[in-house]
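Lettered A, B, C, D, E and F in written order, each chain numbered from 1.
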Amino acid sequence: MGKVDDFEKFRKDINEKILQGENLDIKRFFALDSSVYQEGVLPARIKELMGLVASMVLRCDDCITYHILQAEKAGVTRKELEEAFSIALVVGGSIVIPHLRRAVALLEEIDL
Amino acid sequence: MGKVDDFEKFRKDINEKILQGENLDIKRFFALDSSVYQEGVLPARIKELMGLVASMVLRCDDCITYHILQAEKAGVTRKELEEAFSIALVVGGSIVIPHLRRAVALLEEIDL
Amino acid sequence: MGKVDDFEKFRKDINEKILQGENLDIKRFFALDSSVYQEGVLPARIKELMGLVASMVLRCDDCITYHILQAEKAGVTRKELEEAFSIALVVGGSIVIPHLRRAVALLEEIDL
Amino acid sequence: MGKVDDFEKFRKDINEKILQGENLDIKRFFALDSSVYQEGVLPARIKELMGLVASMVLRCDDCITYHILQAEKAGVTRKELEEAFSIALVVGGSIVIPHLRRAVALLEEIDL
Amino acid sequence: MGKVDDFEKFRKDINEKILQGENLDIKRFFALDSSVYQEGVLPARIKELMGLVASMVLRCDDCITYHILQAEKAGVTRKELEEAFSIALVVGGSIVIPHLRRAVALLEEIDL
Amino acid sequence: MGKVDDFEKFRKDINEKILQGENLDIKRFFALDSSVYQEGVLPARIKELMGLVASMVLRCDDCITYHILQAEKAGVTRKELEEAFSIALVVGGSIVIPHLRRAVALLEEIDL
């Protein structure tokens, strides 16, 4: 019912449509987009935080929401998230602030 | 009544206000922004697809909507659009995905 | 009740939460983000216009809204805003147009 | 001996090192980056022009050089390139101009 | 002989080639790119500083060089430039720093 | 004598000039830019990798060089770097490739 559920439903529904399409390269890209966040020499939770920082400096709200939800599942703490936020803020500048605000509002919604 | 109509109404209304303003340079820019997509040595439909790819890698939803609607009028097919999407996705990376999702949702709305 | 009030309420509420957090670097960044727009050898109203142009070429709607509201308080005129818009449009290109449209809609709402 | 040769040698040498590495996802990405420009429902030369426009608005000189060289091999004409340039310029704005200048200098070097 | 002269020579030579070309839209864009910085309700020197801030947050070295040289001709002071730099730095973040370093190296070269 | 030394010398020399200047906000920003990478709940080496990923998707060569050198001092391995590269590549797309090439050339120079 909340924004998180809306986000996840839309994401899931349209991803299905995309993956049922005929274009192979698009499907390969989606596979790759999962693969790089798998546990490796770097732990999956660190990779989610890297994806989060990248998404913040590139200012992609849906990507930020996704990586915060993934990071939460992987056991990331609020304090770790805030350190990631501070790096994104300094690298990306004040234009990151509106996205930080929406990220913090999401943390309230999911109680992290 | 759908999102497409809302988009087109807002776009038209505010463009009118902008073009009724006094600033000449803004008007000249708007004229130029129509001119580059006119039929030339490259067909108009190809130019719309170029505008679409550029809009996707720059992640501008309104621009994507506009160029998809224009491309449809120019007779572009779903398969051509998907090839354009795949280029935009690989050039621009996974941050393009949320915009691709909204583009695909638009294709559903306009039945392309 | 309008969009401006919603924007200002959300901005104020979440900023408070952010500034009540423990991360010092984030707070320092927020302080710096106020400091650079203070009256200096350049007047505050010119600095707001600079912040506006930067926000437009980086296509950050919340930042644009904020700097327009600040510029209005500092006595900036509609004609000055339009000259700033024209610079942002030429520097940043047609992908700035959707943000320009929302900026002009805001000017209507606040009667500037 | 010219800049084009330097570019192509560095590109080839380092690509080899990258593709000899162990990271599978990086190799998959490189494969995908070739695949999307292959002849499809859209001709390869049009896809190179799309890659070019995307590279110009994202202001990536090496990508611009690469797509111009590929477009030349695919038989693209100077006039077609200029129409692609004009779209990139209007979409991406005046910050594209320095890259346009380097693109035009490259056209002189390769006599297109 | 210095970097400034190299920059200005390359800029002038290639601009000439571009403006001798046949593509009208490109020429119109170049005209517009001069027009927006002309004295208006905002003074030309302020417009150059706005162009500078926009160029810094978009991280375009040639654009930064150009606007600093124009700003100098328009009588901008070092202190005004530094206030413009500080806004660009906070808006655009630490990725602006390498461009700030090259801007400061240019100020040394032109003794501003 | 190599590129790394040139980079470090220019960086150090100009940073000194910047920090000897009068503008307080610029100095505060530089302090903040060091502070966010300090050991915290996240280890310093992870923060350097986050800074690296952010720098790659934003395509800032100097920032990439800096974070690779810092990551090396913090004991990051080649395999960890490659996993960070793969995330940056997928998030940021093929326009990251030229920067990846220069990053790999740097790893050769510093034998990592």
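Heads up, the rule we're going with is that a contact is a pair of C-beta atoms (placed from the backbone, for glycine too) under 8 Å apart; a residue touches a chain by one contact, two chains touch by 3 or more.
Since the structure is predicted, the reported quantities are computational estimates derived from the model, not experimental observations.
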Could you name all chains that are in contact with chain A and with chain E at the same time? B, C, D, F
Larger contact count among C-E and B-E belongs to C-E
For the homomeric pair chain D and chain E, should the interface be classed as same or different, according to whether the shared residue numbers exceed half of all numbers used? different
Where centres are the averaged C-alpha coordinates, which chain has the largest centre distance to chain F? B
When the centre of a chain is set as the mean of its C-alpha atoms, what distance in Å lies between chain B and chain C? 26
Taking the mean of the CA coordinates per chain, how far is chain B from chain F in Å? 36
Need the CA-centroid distance for the pair chain A / chain F, whole Å please. 22
Name the residues of chain D that each touch 2 or more other chains. 25, 29, 32-33, 36, 55, 57-58, 63, 79, 83, 86, 89-92, 94-95
Graph of touching chains, which shape: line, ring, star, complete, other? complete
Quick check on the complex: what are the chain D residues that touch chain B? 32-33, 36-37, 40-42, 46-47, 49-51, 53-55, 57-58, 63, 77, 79-80, 83-84, 86-92
In the complex, go through chain F and note every residue touching chain E. 10-11, 14-15, 17-18, 21-23, 25-26, 29-30, 33, 55, 58, 60-63
Which residues of chain D touch chain A in the complex? 24-25, 28-29, 32, 35-36
Contacting residues of chain C [partner chain B, same complex]: 59, 79, 82-83, 85-86, 89-90, 94-95, 97-98, 100-101, 104-105, 108
For the complex, which residues does chain B have touching chain F? 57, 89-96
